[in-house]
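You will see two complexes here that share subunit A, one where it goes with subunit B and one where it goes with subunit C.
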Partner chain A sequence: MGASTAADAVWLRVVILVAIGVLSISSRLFSVIRFESVIHEFDPWFNYRSTMQLVEKGFYEFLNWFDDFSWYPLGRVVGGTVYPGIMITAGAAHWIMNKLNFPVDIRNVCVFLAPFFSAFTAVACYLLTTEIKDASAGLLAAAFIGIAPGYISRSVAGSYDNEGIAIFLLMITFYFWLKALKLGSSFYGGLTALFYFYMVSAWGGYVFIINLIPLHAFALLLMGRFTPRLYVAYSTFYVIGTLSSMQIPFVGFQPTRTSEHMAALGIFGLLQIIAFIEMIRSHLSANQFQSLFQGLILSIFLVGFAALVALTFGGYIAPWTGRFYSLWDTGYAKKYIPIIASVSEHQPTAWPAFFFDLQLLMPLFPAGIYFCFQELRDEHVFIIIYAVTGSYFAGVMVRLMLTLTPCVCIASAFAISKVLDVYLAPPKEVLNDEPEEETAATKPGDKAPERPKTILYGIKDFDSRLAVIVPISVVLVLFAWHCTWVTSSAYSSPSIVLASQNRDGSQHIIDDFREAYYWLRQNSEPDDKILSWWDYGYQITGMANRTVLVDNNTWNNTHIATVGKAMSCSEDVSYEIMKRHDVKFVLVIFGAVLGYSGDDINKFLWMVRIGEGVYPNDVSERSFFTDRGEYRVDDQATPTMKNSVMYKTSYYRFAELYGPNGNPYDRVRNQPIPKKAINLHTMDEAFTSENFIVRIYQVKDLDNLGRSLNAAASFGKSKRKKRASVKVAATRKARDDDDE
Partner chain B sequence: TQTQLVTRLWSGYTNSTPQLLRLIDAYLAAVMLSGAIQFVYVLLVGTFPYNSFLSGFIASVGAFILAANLRMQLNGANEFYSLSPEGAFAEFIFCSLVFYGFVVNFLG
Partner chain C sequence: MRVVGILFLSLLSLVNAYSSDYKVNKLNKLVAESPAEPITLDTKTFNLATETPRNYSMFVVLTAEGEQFQCSPCKAFAEEIRLVTKSFHKKGPKGQAFFGVLDFANGKEVFHKYKLTSVPFVYHFPPTEGPNKRNIKDEFEIYDLNRLGVKAEDFAFWIEKHSGHKIHISRPIDFKLYGTYAIMAVSSIGTLVALRSQIIAFLSEKKLWQMMSLSFIVIFCSGYMWNQIRGPPFMGSENGKPAMFAGGFQNQYVAESQIVGIIYGLVSVWFVLLYTQVPKIQNTAAQRSAAFILATLFIMTYSLLLRVFTFKNGGYPFTLFL
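Presenting the complex of A and B:
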């Protein structure tokens, strides 16, 4: 705004963009500064582990990696079941820096990858918005996306997850797509496809691109906006993009065989037909054309559509997978696939979440879309479609807020910059002499005589533009403030370290997870198998370096259900399961001492549900509820609940913590726990962390004398059963059955 | 009248299409033929090395598309912003390099 020449404006833009980049990196560093440079959450631990594999063993070893540390009896073919984009990106960054004699630990590369890519996202957003409006709107959009909490939540330092680089790739792909569409350039179409390829390698959300771009093309066709440029851009993108996406082993032949990719194929076919007909039309008069092709376009389209439908019902094209289908039928996952519904990110979004993540942008978003409708060039159609679909998906599922955020930033920047265009424009009478008002301000002496003064009186004398500019500046400042506050307070905690505040305000760090994982790492044999709920699978393999039965990649529901059954059945039943799976240690998370609500007792019902889905005879959700339908852990808890492995391992010796006279109290469930001692006969307590959050049990060996472990335990314990009478043996037998 | 229309179409095409575009059209026809042959072969024999079939068939489709793009860009009747014939040809070469790279990689 203050540049007198175009070159100055370019420099100003560069400086602003660099500043935005620095800002977006630095606002993501709260957790690193407060805690330490570690990988957060669950999924990133797997990404980190496979990146280490890539860095240590090389690319080809990584592609063919068979991971025998997860899904114990089965193992996991990592090369074929992972989106390798983020690992390869981090590996490449690591390699380049080492080649430049700048040896950085791979952990630090992984931790700081997302913040750096967020800076690139800001640049990509700038480019995209520049295509839609102009550079000043672009700068606003870049500033918004740089600090918007909706995006920061998935890209703080240490959050080494696919989304970190995927949003950058999403934006840059869309930018090249719009560029290709505008210019009709197959070069940009090819670039779109290349970045689409990168996106496919990075995140499963590539399906969004391969449906959004065809939708855009289709909308343009329906609006009668077919141009050769559209043909060139779309066809190049589709052909190269589809072929390249099939190179990713995890995707494989899906682009030819699943319903998610059929929209793109259909639009591709439609475009060919329309282009051919347009060519013929150019050689015929309108009248002849009518007679020859009346209804031909429509019938070909209908036949093609019917063919796709028939192929789907015939089974040649796979129907929608559950994960995508549950976006349309929002009750589907809860009913049929509890494992999808059990993830907290898959819940619908509440209104406050929109405001919390986007604040000012949320009310500006519809205004931006309104302006898009007003102009409605091809690229505005794209933004409108993106906004509609993105809003729907963000409303259905919390985690898809992430894909909506860039669109909201762009539309809001569009709206604000529209307003500022009007209210920051120099007044009409100044327009004639000098193009910029700032130069006029710096050198007032030169200009004053040339300006033809229109004299205003009273309230008209007051420059009313200030009445708009000042509030806008204020809300923008408030927005930045809100973003920083949200980032600092809500999104910058590494979930492996829990922080609490002491009375004097100093920070108290609860580090039970790493304590326990490190205990496992040092005190168990390298080939010991750990049984835990799937949430902790990645962290155990990553930090404890031990084999787990199930992990966060929930590809085998039956296996998870087996673990769920082992957790929710009585000891003797689950002992059999554990022995069959060579389990050495059982790990449970228990938050009742500290009030850590994300513990396994709260997740227990999902274990039961998932277990029941596969073993309806052994596990029944109903029996975990009291007669009044309550889920209790106190003395009213059902016998099934009290006998379950999860209950016993969680509350084992919990009452002792409160001494002989204390009242054991569960601080998460807010229920008193019965004082009666819990007997574990199939496992020994091996380790319990400082705050009782992680409890590790060692599964006992089979009894030397061939007794059942239950009998062996009661033989060792009770004195009064020394009398060898048939009657007592019979009651003992009965009590054993009771226990089950 | 249908045959009449088709002959008129043909004459219109031969009269108004420049040599270069007709050359491209011949190439398009050849590529389309190769794709059709591959598809018929797959229908007869089955899709066992599916990736080989896909890469071969998509190679035909892609070659067709890239040449059709070039044809559209060279066609004077279409409006393309600031694109010279040399530029269009350079784009064609770029896309072809990328595309056939992927084809060869996918051939297996």
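Presenting the complex of A and C:
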């Protein structure tokens, strides 16, 4: 190959990589084109709000930020309880662009951050796969990760969340680790540590790195592959990485005090001992010391392990924290931390989810790992370990599909590229070495035909090439279609804006959430407190700019349980809770009109469960189930259910929507709703959005005469005249609704 | 009028109900007979122990240990409740909580009264008077074993939450079990030392690790953990016919995930064979037919997978051949 073709190949690679980058950005823009440039879902709203704080107030103010809009009356020290990586990244991008006189709004920086980082991820995957095989496999892997739905699900435009940049950091850290290991270079080791530091600042998933790399090092040790290169790479990475990770306020001294980080420390110690002994052996070169040294290694290892156990029991090292522990003991979370178990992305993964997210790559994944075993250099060992651990975690939790996806892309790109190499290249002469010997050994009699010195290895015929390449192309094209289809149909919904189709096929935007939040922003006092389930906390603070009791940062279980209790008890009980917390408005999400299944009645059992965990005397999950153990909302619903604040606020005046002769029907639960009117005596309906998705109630003031509001309401009922006029107004309202 | 009513009621209760102290005495006597066992109740004693007023917590296990019911959780829980009772009576406060067992054979009337169709359950009747008095909505509260666990520790955790009695479960040391463990440990260490070199040779076999890793990956990527956590049936049935595949995207049967795992494995095998075996074939015609056969197998197996997925996800638009 001449110099010019080599240069051409480099240019070709660059062009292809750029094209892949453009592709991976543009395939993530469905939501912006279909809806608008808007922040999605729940957590991104908090990240967006903190980024605004960072951009407006500056870095130090941000680190010291005490957010009094969340967790009323506790508040939250944001600077010390947040992974600031993504905010700083977006803030820096915003700053640079403004310095270059591109006046971009910070919101647009946040919206487009994840797509841009997906292009970087593609490059990182290219580099990593190039280390595993060669550039052609690298390009395949980059193309795969660029469009794999498993990764797109967390990085579409608008999903401004930690994972958006974390996968890039994960892959680039692994790349530098392999590079450092190959070259034994402390420079690359330092780069590994640097990107590890960036990763620590960005996502709690950094624990995966700090356990995977030691595991890789340990596996290499067991395979007898200790080299000075391993020693240099690991020591540089561990020391710099750990010290720098401790600079993140949220992490602090955890690397020295929690079990999650102890494996890395242990391997660091083990490497020092082995390096020491290797050194002595090279000086002494005496065989009789070997057994002594083996005993020494073993005893030091055992002493270290015993010390670790002792320190854990002594309380100096925290045992595995709940979130990580629940990955091993999968029943743990459900029993002791229902809050973690209640999140839908923490559920285990059924096989259709794997296939939905990875399609073609899934069945080719084992093939790729097989090829890794065939070559089994240090980097292949890494991919194998990554694949095994990654598949376990992805199986336990849906959200961890994300960490498995790059590995699957790399492994299957490896496999496909290997097969394509054989079927595209001309056959070549190779020495006839081992494979024939097996048959010779089994049948000693047939040794007569003499074996040629060389054989022609490869595909000799054009149509047999075609027979393999055509199917592979077909499945690859199908994969690309699948990815586009999944991205477009499943992963591009901002979830704060919903879409439906009109009868003529045109798109109809359902914008209830923003409508309601904006109503709150305009119609409530700046210091009003809003009670809602924690899912909507970030959105309310972000969009309505009001104080909430609980939000998506679920750090205080008791407080969440208090809200759960307020939702699941009768009005009188929860009125007391609401008054104690200065609650002015209650916000519930209700999907029965539209058939929106992510509403509060469907989440209600978790509120009950979490409430019961802290207030077992007031809340009992069983009393929400009928005698036959069913969860019902129709006329067979249990009295506890019917009296709960959640049920009442959800179905309040729901029947009126269907007119006097209609049959009210819950389109989510598929159950008819009783027509009997629901009376609320502690709150007034303040706002209901266009499609009934968001309902806001204003909590009444204390009664002037000091009666309970229940008593006051029943006293008011006896005034028949007033009651009648209210009824007329109500039916008129209902009729208006029907006309629409 | 109201005063008279209260008087009348209290008179009634005097006539019908025994006082708490009387019942505590009676129950204490029963406990003293066999402190390590829960009280065996029948309909009469059950009614006596659970009627109001009470100044103690009454836990009653409703069970059916008779052979004809084949209730294995009942038997499993019987051991555990014995352990809880023993631990409680050893250290816990006297006369504040009692544990009873009511078997279906002894208390059919009670089972009918509560319309119980499945066992085991634990009913807790909290104190209605005295210092530990606690008001609950119903007459009793229920410990659901299926949801909260059959282990004594789980039950003790629940008791602490619902009655305030902290019970430290001390499982008796099972010398037999530990003895077996010790013998097993010694013998296995002995074998390990004796077969040291063979074991190391076995463990450093690449094929072993390859098989283990590959099957681990295939098993876990086909929803094994979901099966472990959710515990679905091996197969379902639809209109009387056995069904391999569960309807719905979020659901699966054990058989189904195994089939999918096998398909993953097969696709990989055909693909690997395309690389490892075909290029070595010297005869052009043989090579051509091998390539054609393997490519066909590859694409057909993959089509099968797509077909299965289309079944799971009705709106899925892509299929190949099948």
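Note that in this section the second predicted complex is superposed on the first by the 672 of 740 C-alpha atoms of A that agree within 3 Å, B and C clash if a C-alpha of one lies under 4 Å from a C-alpha of the other, contacts with A are read in each partner's own complex, and residues count from 1 in each chain.
One rule holds in what follows: a contact is a pair of C-beta atoms (placed from the backbone, for glycine too) under 8 Å apart; a residue touches a chain by one contact, two chains touch by 3 or more.
Computed from a predicted structure; not experimentally measured.
Enquirer: Clash or fit: how do subunit B and subunit C relate after the overlay on subunit A?
Expert: Once subunit A is superposed (C-alpha atoms), there is room for both subunit B and subunit C without a clash.
Enquirer: Subunit A residues in contact: does subunit B have more, or subunit C?
Expert: C
Enquirer: With the two complexes superposed on chain A, say which partner A:P249 touches: subunit B (first), subunit C (second), both, or neither.
Expert: In the superposed model, A:P249 contacts neither subunit B nor subunit C.
Enquirer: Is A:P426 in contact with subunit B, with subunit C, with both, or with neither (first, second, both, neither)?
Expert: It touches nothing on subunit B or subunit C.
Enquirer: Which partner chains sit in contact with A:A275 here, subunit B, subunit C, both or neither? Use first/second/both/neither.
Expert: So A:A275 only meets subunit B here.
Enquirer: Is A:P672 contacted by the first partner subunit B, the second partner subunit C, both or neither?
Expert: The answer is neither, since A:P672 touches no partner chain.
Enquirer: At the Cα centre of subunit A, what angle separates the centres of subunit B and subunit C, to the nearest 10 degrees?
Expert: If I round to tens, I get 100 degrees.
Enquirer: Quick one: is A:I240 in contact with subunit B, with subunit C, with both, or with neither? Answer first, second, both or neither.
Expert: The answer is first: A:I240 touches subunit B but not subunit C.
Enquirer: If you stack the two complexes on chain A, which partner ends up touching A:G190: first (subunit B), second (subunit C), both, or neither?
Expert: First partner only, subunit B.
Enquirer: Does the superposition put A:P228 against subunit B (first), subunit C (second), both, or neither?
Expert: In the superposed model, A:P228 contacts subunit B only, not subunit C.
Enquirer: Give, as a whole number of angstrom, the minimum Cα separation of subunit B and subunit C in the superposed three-chain arrangement.
Expert: 26
Enquirer: Which bits of subunit A are touching subunit C when the two form their complex?
Expert: Counting only subunit A, the residues touching subunit C are 223, 330-331, 335, 348-356, 360, 362-367, 369-371, 373, 376, 384, 387-388, 391-392, 394-396, 415, 418-419, 422-423, 427, 435, 455-461, 463-465, 467-468, 470-471, 474-475, 478, 481-482, 485, 489, 616-617, 620, 622-623, 627, 640.
Enquirer: Under the stated contact criterion, what part of subunit C meets subunit A in this complex?
Expert: Interface residues on subunit C, with respect to subunit A: 115, 134, 136-138, 141-142, 144, 148-149, 154, 161-162, 204, 206, 209-210, 213-214, 216-218, 220-226, 228-230, 249-252, 256-257, 260, 263-265, 267-269, 271-272, 274-275, 278-280, 282, 284, 287-288, 291-292, 294-295, 298-299, 301-302, 305, 309, 312-313, 315, 317-318, 320.
Enquirer: In the complex, go through subunit A and note every residue touching subunit B.
Expert: Residues of subunit A touching subunit B: 182-187, 189-190, 193-194, 227-229, 231-232, 235-236, 239-240, 242-244, 246-247, 253, 256, 275, 280, 282-284, 288, 291-292.
Enquirer: Provide the residue numbers of subunit B that touch subunit A in the complex, in ascending order.
Expert: Its residues touching subunit A are 1-2, 5, 8-9, 12-13, 16, 50-51, 54-55, 58, 61-62, 65-66, 68-70, 72-73, 75, 77-83, 88, 90-92, 94-95, 98-99, 102-103, 105-106.
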